[in-house]
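Same chain, two partners: subunit A is paired with subunit B first, then with subunit C.
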Partner chain A sequence: MNLQRKIQQLLKPLSQPLLAVLIGLFTGALAIALIGESVIDTYKVMWDGAFGNFYFLTATLARATPIILVGLGLAIAFRAGVFNMGAEGQMVLGAVCAALASLYVPGSGFVKLLSAFLAGFLAGGLWSLLAGWMEVKYKVQLLISTLLLNYVAVLFAGYLVAEPFQDKSGSAALAQTPMIDQAVWLPKLFTGMSVHMGFVIAVIGAVVLYVALQFTSSGYEVRMLGKNPFFAEYGGINKSKVLLFSMFFSGGISGLAGTVEVLGSQYRYVEGALTVPGYAWTGLMAALLANSNPLGTAAAAILLAALQTGAMGMERNTEVPLEIASVIQGVLILFVTAKFTLNWWKVKKKASDINGAV
Partner chain B sequence: MELFDYSFFASAIRMVSPILLAALGGALCARVGIFNVGLEGLILAGAFSAIVGNYYSGNVIVAVLTGAFGAVLVSLLFGLATIKFKANPIVAGIAINFLVLGLTTFGLRAIFQVKGAFYDKDMNGLPKWDLPFIENIPMIGRFLSGHSPLVYTAFIAAILLYIFLFKTVLGFRILAVGKNEAAARSLGLKVTTLQYGAIIASGVLCGLAGAQLSLGQVTMFTEGMTAGRGFIALVAMMLGQSHPIGMIGSSLLFGLMDAMSIRLQGFSMPTQFTAMLPYVITIIAMFFLKDRGVDSQASGQQSSR
Partner chain C sequence: MTYRLEMKEMTKKYGDFLANDGISIQLKKGEVLAIVGENGAGKTTLMRMLYGLEQPTSGEIKLNGDQTQFYGPRDSIKQGIGMVHQHFMLFSDFTVTENIVIGHEPINNGFFNRKLASEQVQKLSDQYKIPVNPSKKAGDCSVGEQQRIEILKVLYQGAEIIILDEPTAVLTPFEVDELLKTIRYLADQGKSIILITHKLPEVMKVADHVTVLRNGRVTGNVKKVDTSIDELAKMMVGRELQQLSERNQLKGEPLLEVEAISIKGKGSKPVLDQLSLTVHRGEIVGIAGVSGNGQSELIQAITGLTSVDQGDIRLGSTNLTGKSVAFRRNEGLAHIPEDRFLWGAAKEATIEETGMMGYYNKKAFNKYSFILKKSFRGVVKGWIDRFEIKAKSLDDKSGNLSGGNLQKLIVARELGFETDFLIAAEPTRGVDIGAMEYIHEAILEKRNRGDGILLVSSELSEILLLSDRIAVMFEGKIVDILNRRDATEERLSVLMAGGKEDESSTKNTTTA
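On to the complex of A and B.
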């Protein structure tokens, strides 16, 4: 009886995302059929492109790495009930600061590595904290300010690598930093495969965050603020403090996403290497898909990364264009939101019950 | 090379029009309590369907109409998700952006069998209209005149929207819905109908913005050709406080900055900083504007407030 209830409890939050995934795949099937390709074969090629052999599997996991970290960062903010849309800027600033730290901090490889992580985390965290501070102190809407700060951060990082810190060694003047010292590189998990230590960091991060949100008092405060800000305040939680705290960690973890991407796969900051693949937006979708559960976010991130690498494989081998992945993702998120708000609506209703009116 | 000359102002005005049109659409949604983050997707849908219409009909008017129609279809999907299924508008808007980006690129491959961009020399772009009298005004006449009809439409639409919102009964009803949905409903206003109406109208406006993008300067469609204009329109809407006249001002600011950052490339100055300027100005402006009216509740964000 107890076990049955537990299983039900575990499955219930999964049902809606799974339904959304099915609708997404169905829409994808419609689109594939529309251009006259075999649906089953195309999806088979897609699956092979994502998980078909060990090489593709590791490529999927490598792509998932920054997405997981961004998703985790956003999950903290969403749990606290704030719509942090600034993951892209936080990630890019983290990446560029990590690259600069590992280039210019003197010392051994380990010191450089440590300072790169610290710089990446702090850069993302402080950038995000700026938006949180503007919201708490001056009531500047966080949703908009984070969106605006994205542009500022991406342009500023672009300036840094196009002017003062540009790699002048190559013949072509690309907007990128010089390559970082090999001692700072994050080791690959398997020789010749693209997945690196960052993936392990991301997975550990997901577990730690799950435990922290679920079993610590700060995690409880964050969740309480998101679930019911009125009750949280009534219960003696300092709203501003918890909001700033969650924004700092949210941005910091997004900064780490950029950091591991620099240290583990690019080995330098290349302009556009993080923004063009849309890691930040995919991370946002992963967090939404999993309703901000850290473990679920990691799983959703791997799923979305698989969708993208699978689509690349599909484009190599069939006539179906890559963008079917965006179509599937879009539909998926469109349908997952219905649930998102259903929960939200319940929260609002509870809040109104307590306060009388909203 | 001079910094400010006629072509500078002319290009600024040209760049204003898609932003202003989309911002007006976003403002209409905001005024009925729906924060529309999907403007980017709506513009892109408009740009693509306008090219499709142009290719098959060869008629510019039909092309603009199909552009508007395509964007309206997408906006209805957005409306269905947010109004009927009560989805979070922000999340649904982001989903719409991704969906349209995928669909248009997919359509480019499925309809035209090309990748990246579609161009056909037989397609007609929007004509350039010279305004009688105005073109003869010394100094300003030369850059106010000689634009595509949609550029003029953008400014006329802003003025019409101002009159509609603040001088007509229906406009007041729309404002009432945005101010307090529950109260508007209790007065017997057809809130859902008004919301759908606003969303369809915003689809039309964004479709026109897209048509101006794909048919205005060069007649072609490129993947993701909106390049963040939808978000800039969103920001222009915030900066203009969803007020049509305010939005003319904020869109002009963005258009000038846009033209300036292109112009400054010729002066070997880091363009990143000029490109940054509109966003920094908007952030600073938000300290002073804070939340007056619609935007605070319309975003649906569960904020610390």
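On to the complex of A and C.
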């Protein structure tokens, strides 16, 4: 009885995202069938493209790395009940500052590495804090300010690498910084494979964040603020302080997502390298899909990354276009944001609730 | 004769739990039947079966003598049963008319005939003497008006049997009187009413017949004229009601001192206007007043949830003015909030988490900023035992607790701080008799230990029962303070309405 309940408790938060994923895959299947391809073969190719061999598996994990970190950052904000939509800008600023720090801070490779991380975290964090401060001080809606600050950040980073800090060494004048010193590179986890140390950092980050949210006083304050701000205030929690704190960490971790991409994969800041693959928005989806549970966010991020790498494999090997992945993702977004499944679940639950009695 | 509605031997089982055990009720045309019982007695389950939200395990329902079954609310509505829920289900951006006709809109060539709808609503409102403004937005209506909208909605759908679930819980005393009149009038017009409540004075005022439930069984089935409040209470609780403990005389030195505080507010009149008040040790000061006269703002000003424009608040020798909520709580202030769902808890948080507020950063439960959940669980379990809180598990969501049980949890939490000073705002709103006794006893006990309590309540009976002194608030001011022995419901009502008391009785007031 007790064990059964425990299992139910564990499974319950999973049921909603799983259902959403299943419906997403089902819709994808419909689309594939419409094109006239075999659904099972296509999904098999997709699976192989994501997890088929060690190379593809590590490619998926490499892609998942920034998505996990962005998702974790957003999870903090969501847990505190604020809608930080500015992960993209925070990530990009983090990336460009990390690249610049590793290029221009004097000292050993280790010093450069540390300062790159610090710069990446601070840049993302302070950028996010700016939006938080405007909300606390002037009641500027966070949802909107963070969204708009994305443009400022991305364009500013683009300017930095197109003008003052552009790499002039090569023949083609691309909008990118010079390459950073090899001593600052994050090591690859396996030679020849793209997954790097950043993935380990992301996974550790997920565990640490889970523990911090679940078991510490600050985590309690963040969660209560998100669940009922009036209750939090009534109980003596300093609303503004916790909000600013959450925004700072939220942006900081998004900044780290940019940092590990620069230090572990690109080795320079390349304009568009972080925005074109849509890491920030995929991270947002991961956090929503997992209902901001840090461990779940990490899992969802890997799943979404697999969907993307799988779709690339599918496009290489079949006639089905890459956009199928977008179809599936689109359905996922629809279901997750509408919380359709959750409400459905609640109605079900209510009907069978014993304590319905007043 | 045949009854309009008869439920026979209704039984509902959830697993091993018997929520309803062979309950029978009868309802005649034009009759008001009150179903009373404490939280968890099975009232709601019974009504859910009648409204088609639950299927009975066994039992039969007869409507006008014919056996019938309900497969859902739509089905019940079709057969002439309407329900006014405790929590209103209105669209706040829709007008009163739109809310009433929703789902049954008069149609003209496929379009919603707004004009006709409005006329129909007006006619219905006149016919049953239930005043509403058809073109007003529901969100702009007072709670009493919103309830009238719900009643009209049910009438519009053609209900002959109207179920009212705890209808007075959210109303002011004046609105309660109006509602009771409406109920009586509807019955006189031939409607049958089922009133679910645990407020016995209202039952005695309006019901024809009373069915008492306890633990899923019928423990009393009486005509109103043959019974009394005491008898009903006994049937409900299953024992004699307790007498409150003696109050020892120990009014000590001043504890909370509020000095000429003002809050400007948005309108032309200040929300709080140069208000002064003192609560001594070993004293309960009650605040009486029609809601909306600044009581909420006074509580928020003292607890630090809102700032004052003028004046000082001191607790003992500490000046609290301008200090944070956390500071005030650390200085020895606990607070049972007037709205348990808004301020007192987070519905989505677990029972443990709701209980933890204010404790999680105390030394005993916090090490290196990690919360010592294990030690804390013991504390919550203690509360659950002492206050007999019915909870499935500490990990269950607070929102799944019934209102009364959640209130008990909040009261236990705030008493648990063992502070010198407590604000108890509506401490027993929506709570059953058993829980009410518990909470009253606990508050009195705290007073007898020498702590100071500020009690704010819209229930005059509660104020009169507990307070040593009673301050009456009107339009942001305290218009008078009466001593316990001088206060009567009549005198307070006059003061609450803003009427000055006549010379004969005012001179025995104490200074604040």
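Here, the second predicted complex is superposed on the first by the 338 of 358 C-alpha atoms of A that agree within 3 Å, B and C clash if a C-alpha of one lies under 4 Å from a C-alpha of the other, contacts with A are read in each partner's own complex, and residues count from 1 in each chain.
Please note the rule applied: contacts are C-beta pairs under 8 Å (C-beta built on N, C-alpha and C of every residue); 3 or more make two chains touch, one makes a residue touch a chain.
Everything numeric in this text was worked out from a predicted model, so none of it was measured.
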Partner chain in contact with A:Q329 - subunit B first, subunit C second, else both or neither: first
Contacts of A:V82 with subunit B and subunit C, given as first, second, both or neither: first
Which superposed partner A:I144 touches (first subunit B, second subunit C, both, neither): first
First, second, both or neither for A:I237, with subunit B first and subunit C second: second
Which of subunit B and subunit C A:M224 touches, first, second, both or neither: second
Partner chain(s) touched by A:V105 [first = subunit B, second = subunit C, both, neither]: neither
Touching partner for A:M312 - first (subunit B), second (subunit C), both, neither: neither
Parts of subunit C lying in touch with subunit A, wherever the complex brings them together: 14-15, 17, 19, 39-45, 48, 53-54, 86, 165-166, 196, 303, 305, 324-326, 328-330, 335, 337, 342-349, 353-354, 356-358, 360-361, 366, 369-371, 373, 390, 392, 395, 400-403
For the subunit B and subunit A complex, residues of the former touching the latter: 77, 81, 85-88, 90-92, 94-103, 105-106, 109-110, 115, 228, 231, 234-235, 238, 270, 272-273, 275-276, 279-280, 282-283, 286-287, 290-291, 295-296, 299, 301-305
Sites on subunit A touched by subunit B in the complex: 31, 34-35, 81-83, 134-136, 138-145, 147-149, 151-152, 155-156, 158-159, 162-163, 226, 229, 239-240, 243, 281, 284-285, 288, 321-334, 336-338, 340-342, 344-345, 347
Residues of subunit A defined as touching subunit C within the complex: 9, 215-218, 220, 223-224, 227-228, 230-238, 351-358
